[in-house]
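Some structures are shown below for you to check.
The same chain A turns up in both complexes below, where it pairs with chain B and then with chain C.
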Partner chain A sequence: MELLLIFMLLFMILAGIVALWTDELLSAVIAVGAVGVGTSVAFLLLGAPDLAITQIVVEVVALVLLIKVTIGVGVRTMSGMPSPKRLRLAAAVTVLLLLVMVRSFTGLPEFGSPVMERVDDAPSIVYLEEGLERTGSANQVMSVLLDFRAYDTLGEATVIFTAVFGALVLLRKKGKKDREDDDGGEDEE
Partner chain B sequence: MVYVLCAMLLCVGIFGLISQKNVIKIIISISIMENAVNLFLVVIGYRRDGIAPIITERIHESVQFAEKAVDPLPQAMVLTSIVIGLGVMALMVTMALRIYHVYGTYDITEILKSRKKAE
Partner chain C sequence: MNNRSLIVSRVSRWVAPLIFVFGIYVALYGHLSPGGGFPGGVILSSAFILTLLARGRKATLERLPFGVAKKLDAVGALLFLCIALFGLVVTGVFFANFIHQYLPGEPLRLFSGGTIMPANIAIGLKVAASLFLVMFALSALRISTDEQDEPIRTLEDK
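Moving on, here comes the complex of A and B:
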């Protein structure tokens, strides 16, 4: 199980590097799709089938969006590689961050022993033990999402609505000002 | 080992975010980072040989469910985060489209140049 997970992660890292390396934008989009599908398989290995399903759906929609923005407008290759100065800066920052992260992992429990076992009266244990009686839901992820923490889901819906609203405003063909100008032009005629 | 690999995936995303000049590549980097963080949160809640936190009749009768299932809380939060990620991605893609319509390129250095010229 752990070996499979490590294999999936290595595959995802490889796909991520390919996505950044290639000049062809279509290849980059497909490589990032591979990262997403790898995440989905990893979720399945980690006992999270709900997440795997959601991830697949999200990945398909994201792929369509990204293809619309590359092939849809006729851009196939990207112009010019990043300058060496920028690459050096990025490498330095990345290595520094990686070192900090690896150091901070010593404070975490070993892989395979969840945090909820270390804390007394962890909310997760309560959800697992009492979820069925209190919410009537067999799937405890959904009982947390829609019952115990329903306000978070409401907030999520708000965020999505805002994002879609912003996207619609940006995609509008004509701004309000242009339209008023057009009306003015018609009056003069 | 799994934690370090998750961190490496995140670092691939951060490297792209800093080094790339193309707007599409930047969106792709952010998407990779998102995947890495979501995966890391689920990995923290994993129990060795754990089962999915779904009660079936067989499990309900035979074993102690709370001692076998993986942590449902990070999974619920990550589910929220994945869907929000899609919303943010849609917003970023429309912004990129808008940039392309205005400047005719996805290259941020060229966009900066033409902005300076306009001033």
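Moving on, here comes the complex of A and C:
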């Protein structure tokens, strides 16, 4: 299974490079979609169907959105390289991040063994053992998301709400003041 | 835009309701099987996005008017907050699973898990309406190359 995972990771890295390399925006968007599908398959291989479903569904919708925007705006290609100075800066940041990743990943426990098992009464153990009894939810992921850690979910919902609110305000045709001058503050529709 | 294919438009008429029902199932059974409010909401909104892409803005707005989607978005968010506040009122703990404490359902049945199912419904509503609104707003954004007078169309144009 680890071989399959490594294959999926290589596929995703390849798709990411294609997304950066190609001049055509549509190909880049589709390559980014391939990265998303790879992530979804990786989640499925690691035994997280909830994440896999969310990832594939969001990926599909995001891909449709991006393609719609790319085609709709009328910009088809985008080429050219950044200046050598910025390229050197990017390379330096990448190398630095890689070093940090190597340093932090070697400190992690063995692949497949939970971090929290080292601690007595770790939340992850308690959630798994008492989840069904305390929340009545057969799906342990939901018992964590919407009961033990529902406060986090509320924050996530607020983020989406605010983001959509901001997008709608930015994409309005007229500001409120103009509209009041025009037709007496009538709402749309 | 009248160059839509007849086949795509007809098939989308048949497929969109199925996607809609599947979205409701994924959101409603989140506490029993993989899924939940978020993916369920995204699937729900993708039924409308399919209609929008295959049959255009007018046909979509007949099914889900823009104002209704905006209200659903707000209602979903408020419903989720209300579930949390009810927990605070009934038991004194924010987000307490008060339904499960007083009316524990049989595990693995639809009516189990207390507040988890209503919360999933609220999040599903919210996410579905949000994503539909984003898609609709972006579908209105279009820079036309031949008309220089009004380069960017916005939400209020039909």
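To be clear about the criterion, the second predicted complex is superposed on the first by the 175 of 189 C-alpha atoms of A that agree within 3 Å, B and C clash if a C-alpha of one lies under 4 Å from a C-alpha of the other, contacts with A are read in each partner's own complex, and residues count from 1 in each chain.
Rule of thumb we're sticking to: contacts are C-beta pairs under 8 Å (C-beta built on N, C-alpha and C of every residue); 3 or more make two chains touch, one makes a residue touch a chain.
Small disclaimer: the values here were computed from a predicted structure and weren't measured.
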item: Joint occupancy of chain A by chain B and chain C, clash or fit; value: fit
item: Partner chain in contact with A:V37 - chain B first, chain C second, else both or neither; value: neither
item: Contacts of A:T158 with chain B and chain C, given as first, second, both or neither; value: second
item: Which of chain B and chain C A:E2 touches, first, second, both or neither; value: first
item: Chain B versus chain C as contact partner of A:V60, first or second or both or neither; value: second
item: Partner chain(s) touched by A:L145 [first = chain B, second = chain C, both, neither]; value: both
item: Touching partner for A:D50 - first (chain B), second (chain C), both, neither; value: both
item: Which of chain B and chain C A:L132 touches, first, second, both or neither; value: both
item: Chain A: partner with more touched residues, chain B or chain C; value: B
item: Chain C versus chain B - closest C-alpha approach in the superposed model, Å; value: 6
item: Shared chain A surface residues [contacts with chain B and with chain C]; value: 49-50, 54, 58, 61, 65, 68-69, 73, 132, 138-139, 141-143, 145, 153, 160, 163-164, 167, 171
item: Contact footprint of chain C on chain A as seen in their complex; value: 49-50, 52-54, 57-58, 60-61, 64-65, 68-69, 72-74, 132, 134-139, 141-143, 145-147, 150-151, 153-154, 157-158, 160-161, 163-164, 167-168, 171-174, 187-189
item: Complex interface listing, chain C residues touching chain A; value: 26, 30-39, 42-43, 45-46, 49, 53, 65-67, 70, 73, 77, 80-81, 84, 94-95, 97, 100, 104-105, 107-108, 112-116, 119-120, 123, 126-127, 130-131, 133-135, 137-145, 154-157
item: In the complex, chain A residues that touch chain B; value: 1-2, 5-6, 9-10, 12-13, 16-17, 19-20, 25, 28-29, 32, 35-36, 38-39, 42-43, 46-51, 54-55, 58, 61-62, 65-66, 68-70, 73, 75, 78-80, 82, 86-87, 89-91, 93-94, 97-98, 101-102, 105, 108, 111-117, 123-125, 127-129, 131-132, 138-145, 149, 152-153, 156, 159-160, 162-164, 166-167, 170-171
item: Touching residues (chain side chain B, partner chain A) in the complex; value: 1-16, 18-22, 24-25, 27-29, 31-32, 35, 38-39, 42-56, 60, 65-66, 69-73, 75-80, 82-91, 93-98, 100, 105-107, 110
